[in-house]
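Note that chain A is present in both complexes that follow, paired respectively with chain B and with chain C.
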Partner chain A sequence: MSVLNLAQDFLVAAQPATQPAAPVADTISTGEAVAFWILGPLSLLGALGMLFARNAVHSALWLVLTMLSLGVIYMVQQAPFLGFVQIIVYTGAIMMLFLFVLMLVGRDSSDSIVEVLRGQRLAAAVLGVGFAGLVVGSLAQAFTRVDSVGLTAVNSSGGGNVANIGAALFTKYLFVFELTSALLITAAVGAMVLAYSDRHGKGLKKTQRELVEERFKGDRPGSLPGPGVFATANSVATPALLPDGSVAQESLSALIEATTKEHLADDVADVSGTGHRADARALTGSAPKEGTE
Partner chain B sequence: MTTAELLADDPIWLILIKVVGIFAFLVVMTLFMINWERKVVARMQQRPGPNRVGPNGWLQSLADGLKLAFKEDIRPVLADKWVFFLAPVISCIPAFVAFSVIPIGGEVSIFGERTALQLVDLPVGVLVVLACSSVGVYGIVLSGWASGSPYPLLGALRSAAQVISYEIAMGLSIVGVVMFSHSMSTSDIVKAQGNLWFVVLLFPSFAIYVISMVGETNRAPFDLPEAESELVGGFHTEYSSLKFALFFLAEYVNMVTVSALASTLFLGGYQTPFGLGSLWSGFDNGWFGLVWFVAKTLFFLFVFIWLRGTLPRMRYDQFMRLGWKVLVPISLVWIVAVALVRALNNSGEFSQQQFLIILGVVLGVLVLLSLLLPDRKVEEDPNAVPITGGGFPVPPLDLEVPKAPTRRTPVVANLPKEPVAVTASKEASDGDV
Partner chain C sequence: MTPTYYLLLSALLFSLGAVGVLVRRNAIVVFMCVELMLNAVNLTLVTFSRMHGELDGQVMGFFVMVVAAAEVVVGLTIIMSIFRTRRSASVDDSNLLKY
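Then we have the complex of A and B:
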């Protein structure tokens, strides 16, 4: 255990030395006040910007500003671990997922104004007012009845900020912690069940291996003939020629309308008229016309 | 006296010197790294590499950087004006900030002031680097979105998924180190490696960190967000001039930062390597620590170049599978093992010899059990047709070899008389079809 004690001493000593050694509880240093008056309005600006931005991605960015400001406020208030975790988890992971989804949705999509859930607005209003009441009530409680003691005492005893958070999380609040993780796992599993698609079902994606096997069982294991690019010309519309000199029908793209193809209309008609079968193993094209022999 | 106490009474001019020093170090490292990379990759490919500008070509990247600054700054019509401007800045600033917690040398005296060669020492120093990299990726993602064109957007989506996945593996690999050093402060982690570097003690963590640091910095073979063979330039396709230069700078500074963190976490940071300190005590001087630190960082940077010169780019799904199904589970199992060993060690119930014997027995039993596992049965498909012989495609037995055509000339008899180039003449049609 001596190693652990040593580490605890390390952690205690490594606390930010800007804090006075034994401050009176509930004092706010000048630096903290300055930081608050800069970061507070910034986070408020971010929150308002999130509400009023037209673009969904801009909204998300304003929210990122709010979260970053909150993270820095935590750090200023002697909770460096919480501050950085706020930045890593909320701005780093959660907001990034938000952005991910928003970008997939597309920049020009707008909200649908058709109300699909009946009574949605009423329910939202009731719940919103109720939530606001809860927040105001608990805030009022916190301002009036709870005496703030500051974190200095906790941070300077028993291994410092990080160790104390760990100890509290895994002893006093263990049940709540596990309950939260169970909730998150349930949500993740639920999302996977909803989003999971069976690959072997009808009309779904085949694996690469299945595709390869299918191709080898079919009558064309190789790829389709490429166009005759660089053989005679550098246009993709140039048809490929088979060993006997006729046009390989599969090399002509239906999408590319080109003069080359029109010039070869006779040939093409000839080939399609005989119902050219592309048997790559036989290496034969259609029989050449008698007239040209 | 701990590093944090040492740093706490730094006067303001010393802090400014350190800030400027770190900035200059990172920028110079970037310029050096670009050149070094080109030269090393060239050497690997048997060619000379840049050798025109400056002595031996070492000023090539400086010239390139100056040229980049004078290029026209283009903003696409569809781009989102503010976000397009903000993205390179966002990707650049955290890259520099992250370096502030790295201890680049030991205790020294600058103009009579005792201090450590480190800008700040936070009790959660390692988390600062993680937080900075997670903010830095916003630059990449936003640049892709704000460009308003599909390739950058695809690059941005890849980057978002990639960095989130690999940051988990990276964070888990750091947990082992924190368990042994009892601290998240970078300077304490370096001090905890006085006797034995963590690369020996925690080799799996080290391997996972090195793999995930390559994924985190979008470097080959994990450079999917800017895969030039698929996405043109990925997220920075639409960027030019100084904005592009900022992305370039951010990428290289990030490489230096993760390499520096790797040497801090696993190679003992500024500590003297290989017991050289016992030969001459001057090696343990704080300023000499700077040399060791830079040498270790350069080693990791060389690994970056080496990987780029060696490995082909991974496919995206393989890359994600590697992250989630290999690196993360291995880290989790490894962390549990480390925690178990430490708990047993701390409880003092077993001596080291007993512990090693138990470990050996457990491993032996696991190996024996794995021998007992039956082989997986290969399912025989009764309808299967042998499509290949010996694993390779072979021509069928009934192969019809065509008769040689009587004339090798193309079928042109029915064509119109105008000068058609394609089938008749071999040369004339260049460019006009």
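Then we have the complex of A and C:
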């Protein structure tokens, strides 16, 4: 903000010499100044937050703050159409797309703190400050003698801001407008091509049809008997019983069958009521503490 | 206060976005910084439109938004496909375009 204040002092100092004799068409009201001094720092805060947040999701949310402030600034600057498009397209669509991709990629894929190039951050900070000083200084210098015309006349004629922009889009900028349609459809097709993952590639994920065919060509088209069917308990450890009372081998849980008997001894004792009290946490693989009984 | 203040604000936002592109490692955050720079440029376009008293700047800002939307879609898909093959969204890891 110090740079802004400096620039402000500079402008204030340079203002009396540049006051033209003719009245300036575009006067900035107190309300607009108040809005600027609230929204400007807010957008800068959002940008700084995005820059310094470790978590990428926090970065995205800070950027949403900046974009919302900019949208309101557009509206304040007599560009209501662009302000609403900013809020709808940028914060509504683009940032949600960012958040979607962040969730797909994984929220915890945060920045590495390792500096690959030595002193790169310092150099970037110095470059950034230098660039900001250069642009702010030159802008403040260049625009002291420029009088703003203002959009009051344009926006109050011919149906207002939205209608005028629409008229300009479909007459003066018609060709560019058509070109953007080509751009958008190219982007959509490109996104589909890039996002398409080949099922038969590295993943070798079977389709549902392949799974069904495989199952019917195998020795058992039906489903396996569930554990505990026709038995006294519905625990996964209890095998299903065949009508003659014998154990259905297919219903045995491979996981439990592969576990050694000694490993399950505590749980067996838990369930059968010998040794420990049977509790709801049976088969958790760990014996309850002696003191908890 | 003059409309130049908006230009100064946009210059600061642009610089912050540029620093972010240089500093951050996460490809998605780098992309967000690019979006911030585009937004800053849009603010200058809106302000220039106001200073000139013409709507052409706003129309250009509109086109910038369209281009930004298309760019985000393609860029994020590229980041996704890189992540799919490399399991990483860091710009340091993607030093080869193939494999």
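Definition applied: the second predicted complex is superposed on the first by the 163 of 293 C-alpha atoms of A that agree within 3 Å, B and C clash if a C-alpha of one lies under 4 Å from a C-alpha of the other, contacts with A are read in each partner's own complex, and residues count from 1 in each chain.
We adopt the following convention: contacts are C-beta pairs under 8 Å (C-beta built on N, C-alpha and C of every residue); 3 or more make two chains touch, one makes a residue touch a chain.
This is a predicted model, so every value here is computed, not measured.
Once the two complexes are laid over each other on the shared chain, residue contacts for A:216 go to chain B alone; chain C is not touched. Contacts of A:40 after superposition: chain C is touched, whereas chain B is not reached. With both structures placed on the common chain, the touch criterion links A:92 to chain B but leaves chain C unconnected. Residue contacts after overlaying the shared chain place A:66 against chain C, while chain B stays out of touching range. In the superposition on chain A, contact is made by A:245 with chain B only, not with chain C.
Shared interface residues of chain A, touching chain B in one complex and chain C in the other, are 3-4, 7-8, 11, 15, 81, 85, 93, 97, 104, 161.
Against chain A, the residues of chain B that register as touching in their complex are 2-5, 8-9, 80, 83, 121-124, 127-128, 130-131, 134-135, 137-138, 141-142, 144-145, 148, 153, 156-157, 160-161, 163-164, 167, 171, 181-185, 188, 346, 385, 387-388, 393, 395-396, 399-402, 405-416, 418, 420-423, 425-426, 429-431, 433. Listing the residues of chain A that touch chain C in their complex gives 3-4, 7-8, 11, 15, 25-26, 28, 32-33, 36, 40, 43-44, 47-48, 50-51, 56, 59-60, 63, 66-67, 70, 73-74, 77-79, 81-82, 85-86, 89-90, 93-94, 97-98, 101-102, 104-106, 109-112, 116, 120-121, 124-125, 127-129, 131-132, 135-136, 139-140, 143-144, 146, 148-151, 153-154, 161, 164-165, 168-169, 172-173, 176, 180, 183-184, 186-188, 190-191, 194-195, 197. Residues 1-9, 11-20, 22-26, 28-29, 31-33, 35-36, 39, 42-43, 46-47, 49-56, 58-59, 61-63, 65-74, 76-81, 83-84, 88-90, 92 of chain C are the ones that touch chain A when the two sit in their complex. Remark: chain A residues 1, 3-4, 6-8, 10-11, 13-18, 55, 57-58, 61, 64, 68, 80-81, 84-85, 87-88, 91-93, 96-97, 99-100, 103-104, 107, 160-162, 213, 216-217, 221, 228, 232-235, 237-239, 241, 243-247, 258-260, 263-264, 266-267, 270, 281-284, 288-289, 291-293 touch chain B in the complex.
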